[in-house]
Amino acid sequence: MAHQSGYSLPLSPRGAASLVPAPPWHYVGDFLVIEYWADPAAVAAFLPEGLEPHADPGRCAALFVDWQSCSDSGEELLEPARGQYKEFFIVVNATLDGEEVTTCPYIWVDRDFALARGWIQGFPKKLGSIHITRYFPLASRAGPEVGPGGRFAGTLAAGDRRLAFGAVSLEREAESGPTHNDAPLINVRHFPRLESGRHDEPALHELVRARSRDRQISPIWEGAAELELFAAPYEELTALAPVRVGNVFRFAFAYVVDDLETVQDLTGTRMEVGAEP
Amino acid sequence: MAHQSGYSLPLSPRGAASLVPAPPWHYVGDFLVIEYWADPAAVAAFLPEGLEPHADPGRCAALFVDWQSCSDSGEELLEPARGQYKEFFIVVNATLDGEEVTTCPYIWVDRDFALARGWIQGFPKKLGSIHITRYFPLASRAGPEVGPGGRFAGTLAAGDRRLAFGAVSLEREAESGPTHNDAPLINVRHFPRLESGRHDEPALHELVRARSRDRQISPIWEGAAELELFAAPYEELTALAPVRVGNVFRFAFAYVVDDLETVQDLTGTRMEVGAEP
Amino acid sequence: MAHQSGYSLPLSPRGAASLVPAPPWHYVGDFLVIEYWADPAAVAAFLPEGLEPHADPGRCAALFVDWQSCSDSGEELLEPARGQYKEFFIVVNATLDGEEVTTCPYIWVDRDFALARGWIQGFPKKLGSIHITRYFPLASRAGPEVGPGGRFAGTLAAGDRRLAFGAVSLEREAESGPTHNDAPLINVRHFPRLESGRHDEPALHELVRARSRDRQISPIWEGAAELELFAAPYEELTALAPVRVGNVFRFAFAYVVDDLETVQDLTGTRMEVGAEP
Amino acid sequence: MAHQSGYSLPLSPRGAASLVPAPPWHYVGDFLVIEYWADPAAVAAFLPEGLEPHADPGRCAALFVDWQSCSDSGEELLEPARGQYKEFFIVVNATLDGEEVTTCPYIWVDRDFALARGWIQGFPKKLGSIHITRYFPLASRAGPEVGPGGRFAGTLAAGDRRLAFGAVSLEREAESGPTHNDAPLINVRHFPRLESGRHDEPALHELVRARSRDRQISPIWEGAAELELFAAPYEELTALAPVRVGNVFRFAFAYVVDDLETVQDLTGTRMEVGAEP
């Protein structure tokens, strides 16, 4: 047993200081899921080793999520700065050994614990500024209805630049939910090495499959979508810009995460690390 | 007619750049209203000229509000960073010419447009970091129920120090709403003068009465409250710390603001400006 | 004498809570001053009443400043979050009754006290995110030299969008400083009215002349400039984009402010307030 | 060779999107180093396996650093939001196989790239808000002198709570620099596992020795120190509060990092992960 305690850095005598407390992690949030298609070649270029292009070429989804999360103790609910965060991410569709899957090439959140918790799951999180229109249960010009004509939007900025805008005009209650983000999520869990001469040999490089439980979903509304991705140096996001936009879905979703499956341990893979922006 | 256009600074050729666009302003938000009593002498010391202590001595309320707001155009709903903000404030109870009123000695928000919009209304806003537990319509450990046992909290920090914590355990749907923040709101609209030798003669110093319209309220839940105010140099907030805490109320509220009544123009009043922290 | 004390909101029993403490205000900062010319008609359209276009049409300067400031007590130096801020602003050149002057149509800072202190002086401040390359007294690739070839840059974002980029390659120590920001500064001190039916009659609308004392300046370096302004809805900044860029100057500057001269009280002027972005 | 490129997450086709670009990393910064002693038993409880208490029991240092950093490209100097950050950390003194060493139990920074770059080096970084008094080369009340009587301070907040305050009154130029942070730095590089049933078996758990090159230091000033650490739930920082404070040193420092030595691979160690705050 180690001298120090804790699930993540910082370790400490009692283990109370970890930026990310031990799983399980409970999540509930409001989702905007925008289904779209990007350039198929661009999508293929983002696939990690082991994944093949999807039969519906270029299929992607862009998601804005307004999250509240906590550990088993629930202490984050009384200190909401420790549990709330907002998120924007993209999933691209692919296959793994013939199975339909998704993978997340880009994701931004606005809190440190969510960034670190994401890296542990293979989500390549950076910090950003994300804002998402909210629903309130009163008829006000300041709050769109969850009903026909209701307009909700999401925005992302990072590095002091606008990176994404998405919006929906709700039309109807959906009979089924989005499909572009429905397949199992395969990510790359990666942690670099700093030893001189070995920067291209990550200490950790694994294909992982997300696992969750106790999934719940609210009634789903759908409508017409808008999506724009904006260029920035030090990002390659616009390679995944929409060439066609489909439907958008709005709903609440909850789940619990305390597991992750390693599909393939790729540690030992050499990386091309040196590209300059 | 002026060369430049706009409702607030910055003025500009088309008037599109104003930090605060022209009224009306539409608001909807989730409220936590904590009724409490502070030291009566301390409350009396915060009253602006013209107001007298309330018959229920020391009566106060502390409010955490999660707001979404917009101008008539509603453009803020598609750019939610321009309309959403969080707020913590205190109102103390008083009388004005025998009428029961409230007045707001302290208030923090987390966005610049809300700060400036507040000063225009006589709210003495500073920037702070405010977080408030949210409700989601799914049963999850990460989201409290609006129902018996539901726990919601609010926190305030400013100047890199924690200033307030409030929480509620919901017990029942309330038959009526809070009373400590119910009476008309009388604030001091104040704008300083910088001319040498006249720093103690504000350019604007008015007793004003808030006006609003199209007020709506959701069903109200009430329960047992906790409230703590924390000391900081450069604040006098703890003078208003609770000596007794009453009920707390949770509800959504919406209204429209495009008016303000000047009760008394006190411009010309000399101020004591020089106190050092 | 008023019941409450303080120089600015919030007023309080002891006057210690004011967002902006009483003058004098002491400032010291690192400046990047980029001299440039915008479209003369655009510059003319930004001039407040009373100012006429400059003989050198379209003359402007863009300034990035990394400030440290304090009140007479100096307490901000032991609580640097209360005194440090960064700033980007533009001045356009004009004449007032034949005298060469400048005026500031746009300015962003990153702290609330600086925003409010600016409004008191007639600076139309909004909050933004400003970053400026710093000098350190060691030879490192991470720190440019104040010497030939030294590259310094400034960036501005607000509302989650990039608004400005400026940079310099230093060439030589300058024999004299910048001229585009040298003439006296004439601003519009403005505070809106909220009374229904009178939104177009500001409570305060004055042409003011900045006053300062104890001005000091370090040795000045100059070089070749880059400047870009970027479009955003709800800003009219790009109307002032450079059509020609001149020199840039880098230096430290200090002064004290405790005065302001009202050149003309324009209160009573009707404003066009209703423009939508 | 992997399909994707980059040194850190997010990986991408060209490798330009990595939150942390490939080493070498160049750093220059202004340091406040406060030498102090904490409770020896508390310090011992923070030591990772392999480290033994130092002969001078309880010896620690607290450091505030105002950093500018870049990769080999130097692009961060033209986009300073990507290279500047502020930092507060503590080092405790220990021995490793009889050699005097230090180790860092706690560290906060204010930017995401610095957080991730720290984890790669075994620095247990969280995000915080850090402010540090700056020096400017002009005599102003707003800028302390680097000379006798010059007062500089640093503050840290995280999770919306004040965590640390340090200050110095400079007295004299020092003949030698600080010793409490002088010995080689031994950290724990740690990355958690999420697989169900194995949360207590980190994927990576290594004792590492920091390596750097091209170290430079400016003239050093020293003086009398103040240091306070403040309690917060979810931190164990106050266990390391000062029982005695020594000297404080102020200087600029630069170095380059592109290496790290693994002293001992402790992967396989079982952790106590479950402690609740």
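Note that the chains take the letters A, B, C and D in the order they are written out, and that residue 1 is the start of every chain.
What we mean here is this: a residue touches a chain if its C-beta (ideal position, glycine included) is under 8 Å from a C-beta of that chain, and two chains touch if they have at least 3 such contacts.
None of these values were measured; they are calculated from a predicted model.
Looking at which of B-C and B-D shares more C-beta pairs in contact, the answer is the pair B-C. Each chain gets one centre point, the mean of its Cα atoms, and the points for chain B and chain C are 29 Å apart. Here the spacing of chain B and chain D, counted between their Cα centres, is 39 Å.
Touching two or more other chains at once are residues 72, 79, 81, 129, 131, 155, 160 of chain C.
Taken as a graph of touching chains, this assembly is complete, with every chain in contact with every other.
Against chain D, in their complex, chain B makes its touches with residues 129, 131, 155-157, 160-162.
Taken together, the chain D residues at the contact with chain C in this complex read 26-30, 68-70, 72, 74, 76-81, 83-84, 129, 131-134, 136-144, 151-155, 167, 214, 216-218, 252-254, 256. Those residues of chain D lying in contact with chain A across their complex are 1-23, 45-49, 71-73, 75, 79, 81-82, 105-107, 111-112, 115-116, 119-121, 124-127, 159-160, 188-192, 194-196, 199, 203-205, 211, 233-237, 239, 257-262, 266, 269-277.
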